[in-house]
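Below, each structure is written out as structure tokens.
In what comes next, chain A is part of two complexes: it sits with chain B in the first one and with chain C in the second one.
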Partner chain A sequence: MAETHKPPEQFTLRLRRFDPESGEAPYWDEHTIELEPHRSVLEGILQAKAAADGSIGIRCSCRAAICGSCGVRINGEPGLACHTHLDHARASAGADGVIEVEPMGNMPVIKDLIVDMDAVHWKKVQRVTPWLIAKQPVPEREYLVEKEAMVDITQSMACIQCGACVSDCLAMEVDPGFIGPAALAKAYRFVGDPRDDEQDVRLRDLAEDPQGIFDCTHCFKCVEACPKGVNPMGQIMRLRRIAIDDQKIVDKNNGQRHEATMVGLIKDYGLLHEAEMVPRSYGGNSWFGKFHPAAGKELLASLPVAIKGVLKGKINPKIAIFGHKIPAADLKNVQRIYDKVESRPERYELNLYITGYDEVDEETPVPVGTTATNGDDESPAAPDTEGSAA
Partner chain B sequence: MKVAYWPGCVSRGFTPELHGSMAKVAPLLDIELVELDRACCTGAGVIAEHNQELADTLNARTFALAQQVDGAELMMNICSTCQGAQSECQERLDANAEYRSHVNETLAAEGLTYETGLTNKNFLWLLVEEIGLERLSAKVKHPLTNLKVGPFYGCYIVRPRDRLGIDAEHPRDHYLHQVIGALGGTVIEYAGMRKCCGFPIITMNKEASLKQAGRHLGDAVDADADCLVTPCPLCHLNLDFQQPIAESVVGRQLDMPILHLPQLVGLALGLDPKELGLNRHMVRPSSVIDWSTSVVGAAA
Partner chain C sequence: MPSHDVLIIGAGLAGQRAALAAAQTGASVAIMSKVHPVRSHSVAAAGGINAAISVDDDWHSHAYDTVKGSDFLGDQDAIEVMCSEAPHEVMHLEHIGVTFHRNEGGELDLRAFGGASMKRTAYVADITGQAILHVLYEQLMKHHETVTRYEEWFTTSLLQDDEGRCRGVVARDVRTGRMETFNAKNTILACGGAGQVYRPTTNALIVTGDGIAQAYRIGAPLMDMEMVQYHPTTLAENGILITEGARGEGAVLLNSEGERFMEKYAPNKMELASRDVVSRAEQTEILEGRGVGAERSGIWLDITKVPRKRTLEALREIVNIGKDFAGVDITREPIMIQPGQHYIMGGVKTDIDGATSIEGLYAAGEVACVSVHGGNRLGANSLLDTLIFGRRAGEHAAARSATMGMPKATDAQMREDVATIDAIIARPRTSRRVSEIKQELGDTMNQYVAVYRDEAGLAQALEIVKRLQEESKSAYIDDRGTVFNQDVLGALELGYMLDCAQATVVAAIERKESRGAQFRTDFPERNDAEWLKHIDISLNGSDPEVSYSPVTMTQWEPEERKY
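And now, the complex of A and B:
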């Protein structure tokens, strides 16, 4: 830890201040503090609070990235103030090198850097029944479950409820009622737990809710925001997978139909048949889907845009009607892959959170084409180390 | 340079002007495109949502086909969503030898094998990292002088950073800025430039989907952009094709032209707007081009 020996330096913090009771608008407030560069942004804020202005509002407790209290935005990105080094924060700051600290987004501000977690985050967590509903009969001593099943849910258990993902959720930004990444990751923690008795009930609830699992816009914001590697979006995708493919839930939000349509069209055409996406997502995955009343209504609403698209030469009527396909021999191979993979008794999934990555000595980028006739190339295959699959 | 070229589905379907403009621009940049016309859709994350192994195997097939292209230096795509979906599958395939051989077993029936370590770059990355901004600048015939261009990155090409290889040395989340600058245009920053266009939920929650598109477009209007440029045809669908409906969702007029990346490059390299399919957009790029003279930026 050579870093600990670096002498203290000056850092400037620009804090977003706001006191709703004052009637004043939010404003920026600068403080220069002096600390060793490896110390945290939180320590910097606390120094400013102790030395210059005791009224600065910040919530914190453990100072070790465990309690999840000090979620803030640092230079526009969500994170834990206690888990961000001052020198790292300065490196990601703007040209003036001033570290900007703001309260998290998507939640109302109580004061300065403190947001109302109760009003948004905790309410949403409550929404997903965040406790185990014991599978009956409850065993006398303990449940016996497969180790892998429990390892699988440790990723969502790693959540410390800091709200960083909630802060940056882009679906919530336009639809505040969306259950959101933290609560849905929590939902997976129970859906994936073999001791839970209500997997089906939970999933039906989350699939049928218009602001449930199918309201996630797949933007990866929560994946980036999470300081604990929970991968909330990945958990939401798994909830969808289990709801649709295991529980066979056909929801009213088009979630199942959308997936079935996309997966089905690619099997039939090799490529996406865009014109069929909307009617089938509303009316069901078959050519007749477009005659379903729900599809008809949506098609009618889209008609002016579609006509304009055809007139502009953007939409080729032939492609709109017949779609486009890859060559027949290749389509056969694609379909063979579908049949082989989908006929497995169990889905084969690789969770890198659990298995980690193979160790490769050196990154040796392999140019494409080397497997063909570039005979003078050195063998491109990096030595495969043994899989560390758990 | 020769590249194994994956155009994706939408660039050959509902945004044909993207594939078309790429074909026009490539020779001007000395890029030889060998189209992977035997490969199938990446699944755009939806097949992976349905069955991870299926998505990984279908994309491994595409990678294997790319690796067979004789003399190609790398694989190139023109769709951010393809880049994101392919990078996700490639990450798993490259991470675990046992998993890779399991997937290759399925490919073997066709005589294909995916070897670890394929380089797959979106056209945007290729422009900056392989062609280089200086060389690009040197080829500019009609600098985009006075043209205020808002970059629209979307999601799949900027997140997650680790998987996409974004770091201090490769600031790929700033490449659109750099390319606009190299073409002589003015970069307009606005709140929504790295946010979601809303397309993934267009059939599930149309209102929320188009509210996203509408807000970002509104932000760009407020920031005084003449047009936006995007490396993603799916973003283009929500931002351009659906813009009339997005306008009614957010309750304001937007009239924001959206250009595909190869179109913006093509304009600066001296190609005719019609050749680039700019007349095919829902929102006519009249703020970008004076149609009577085709002089870029003259209308600004």
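And now, the complex of A and C:
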């Protein structure tokens, strides 16, 4: 039985401060506090605030990672201050061991660690029509729905709107108009809800918006950032899959066909067949794709690059045209991976709530909430990384 | 000057439900909260919401359990309203999108909870409060044209006209520091309890009794303030809550001898007796030297009895809490808990429509005392209370608004509040810090006004509270700014907390018996002959004044309470 009490230790916090009324630039402010090492960075900040400087600005309320108020960046990584242990934060700090706390990224700073979530996060949530459009007629009692369907969307419901994923979203950094991980995870909560009547309308809307589901660059930052295991990117990938497979919606950015081509070529050849990539992405995913007018246009456009590559010796024309060859046994092994992945049941397979435990050995660490940014030494569990499967 | 038919202060479950209900009638509605609505403390309610929706259940059974849980101090007319309307309310939540867990047949699944005679708690994993709060906020976003939201606005005063009627509020925009007067035909307080009066507490830092104190200051009586619930399972060092759902799923309590000690205290319901009973049993074990941990001040909660798969699906949040806040994997080993302050049954006295004794002022949720919880609230009845009485207050206030003209307040109160805030900011740094006083208050209440109480301790507490009230008048802060000056709001909150603490201590001294959450070691028996009545506390000048009101009985006579 665990005894959790360890003696208090000193920790130094370096807080990013900004006073909008002073006319001064942001600055760093250091405070040394004393607490047991497993207490949170938030408790450290609150101690500094209570004992030394009450003007330190940070939103906080529940202290238990449920209200979502205290999203910050700790040593550059986004997360909840109340959900990050002081000793873990010190371990991920720079050489001086000082814990750096800054406001979240991708949102304007109002004061100190407080950012304007209305201007970014909540505006994006509004964008996804964030309420149930209930199937009619409304039953007298509850809608009868599958048990798994409700558990499935509970993962999206578990989002506490803290903004940690928004803070770290690389796509949003480049394209501030991207709807973003939190709002799209929220969208899945409706698209996956069997009681919702407009799943097709929602999907078409989110798929056809150039800043919608196909704007995500698949970088996994939001998955790492989320303190609640919501796996926003996974939800985006589910939206994509339902849009493509069930609703037959075509991604206008061509990303989806590009991906399909890549997957198809590797299945057929074991290695990428570069010359086939462009025509198949644009003309259709088959050997005949290159005769499609769209493919011809695209091939023509890429000709200068190809010629330049050949002249500089970066492209071997023979391999480019005839493709790579790998031993037959290796190709067979590659194809066995495909068979295994493709034989899995879809949709629910990778939801934390549903299968977080099934595939895991009883003696391995619990695969729950392991995506926290608090320097947790458990690695993210396999079921949490749906996006890696095409 | 903004004017609304119905202005709701607080945007947790009670406030949001009131806003949606009032807007449905066509009234002009606004909802104001000192934090963003989804940060409200309702978000922390874990276990579920009670309703007799099962075909073999009956709301009378739910009502009886609630009456018994209240140790017969609850008003039975209000309890009948709450329990009979519960099934409809839960179905309404389901229809607007709450993702309640289902059984194999696709119907709402139900789990066991303390003090209940059968499984009647609907739930969303162990994030039920969060799920409902977020779904209500979805509805507020949907109805953004009919409900105005003032998010991050801190209410500083309730406005009162010469006839004593409530006419709106004065509030401060936290983000800019701007003060404004709001006219309202009817104002609904829905801003929660006062858990921060205690240290530790399961309650969030924002739960500072603002609404209770503001109503008290303009003359509304408070009721049942002595009834403070200690939750049986909170983390020892920081008071973080472990849901009763854990025991509902089969977890057990063990003392240092490894004994399942609830056998001695509640042989039938065991760990699922009502919360006052379980907390008292734990405290007795600790006081008699059978506590666990280095200081023998804890009890083991053993969740390993629950199948691991079920724990991961239905108690996921506390798996995380165990890991993150105590370093324990609850699926593999017991976790150390202790009773901790969790809820106040008391609050601003209202009728079954949420109306207080001040015309134009309503209250719903933890800020109010209807009284449906009496001496002790049952688990999973608080969400229900917020929603039923939030809705009723919203509907009633809207209906009343339709018959009235819009009041026109002057800025006199606002100027007074501006002066108060300026004076706090200007205080010299020669006295005590606000944070020091708050800490002493919390420690005092947790020492003397806790699970076990007696005359001497309560008298001591009253003396300390009075001294702290004096000290708070000169307590200083650091922040001199206007943008997000959380420091100055903290000073105002301290004043609210001290008022609530005083009312609680005075009522606890007054009640010379043991009932529900009030256990007086000097009066260890329940005494129906003298004390089957509510204690009301009103402000008379600057001092609390005690009076009594009768308990409403409809169909259940008081009887001995056994679990």
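To be clear about the criterion, the second predicted complex is superposed on the first by the 262 of 390 C-alpha atoms of A that agree within 3 Å, B and C clash if a C-alpha of one lies under 4 Å from a C-alpha of the other, contacts with A are read in each partner's own complex, and residues count from 1 in each chain.
In this text, a residue touches a chain if its C-beta (ideal position, glycine included) is under 8 Å from a C-beta of that chain, and two chains touch if they have at least 3 such contacts.
These numbers were taken from a predicted model, which means no experiment stands behind them.
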Contacts for A:277 in the overlay, against chain B (first) and chain C (second): which applies, first, second, both or neither? first
Chain touching more of chain A, residue-wise (chain B, chain C): B
A:337 contacts which: chain B (first), chain C (second), both, neither? first
Mind working out whether A:252 is in touch with chain B, chain C, both or neither, as first, second, both or neither? neither
Kindly classify A:297 by the partners it touches after superposition: chain B alone (first), chain C alone (second), both, or neither? neither
Contact-wise, after the overlay, does A:123 reach chain B, chain C, both or neither (first, second, both, neither)? neither
Which superposed partner A:319 touches (first chain B, second chain C, both, neither): first
Pick one for A:132: touches chain B only (first), chain C only (second), both, or neither. second
Of the partners chain B and chain C, which touch A:21 in the superposed model: first, second, both, neither? second
Kindly classify A:151 by the partners it touches after superposition: chain B alone (first), chain C alone (second), both, or neither? second
Let me check the overlay on chain A: which residues of chain A are in contact with chain B and also with chain C? 356-357, 365-366, 368-369, 372, 374
Can you list the chain A residues touching chain C in their complex? 1-5, 19-21, 36, 38-40, 43, 49-51, 53-55, 57, 59-69, 83, 85, 110-112, 114, 117-118, 125-126, 130-132, 134, 138-147, 150-151, 153-154, 157-158, 160-161, 189, 193, 195, 353-354, 356-357, 362, 365-366, 368-369, 372, 374
Residue ranges of chain A touching chain B (in the complex, touch as defined): 170-171, 173-175, 178, 210, 214-221, 223-224, 237, 240-241, 244-245, 253-255, 257-259, 262-263, 266, 270-275, 277-278, 281-282, 301-302, 304-305, 308-309, 312-316, 319, 324, 326-327, 330-331, 333-334, 336-338, 340-342, 344, 347-350, 352, 355-358, 360, 363-374, 380-382, 384-389
Inside the complex, what are the residues of chain B that reach chain A? 2-4, 9-10, 12-17, 37-41, 43-54, 56-58, 61, 64, 66-75, 84, 91-92, 95-100, 102, 106-107, 109-110, 113, 115-119, 155-156, 159-161, 195-196, 198, 200-201, 203-205, 207-209, 211-212, 215, 241-242, 244-245, 279-282
In the complex of these two chains, what residues of chain C are touching chain A? 35-36, 38-41, 43-44, 53, 91, 94-97, 99-109, 124-125, 127, 130-131, 134-135, 138-139, 141-142, 151, 175, 204-206, 237-238, 240-241, 292-294, 300, 308-309, 312-313, 316-317, 319-321, 323-329, 331, 333-334, 336, 433-436, 439, 477-487, 490
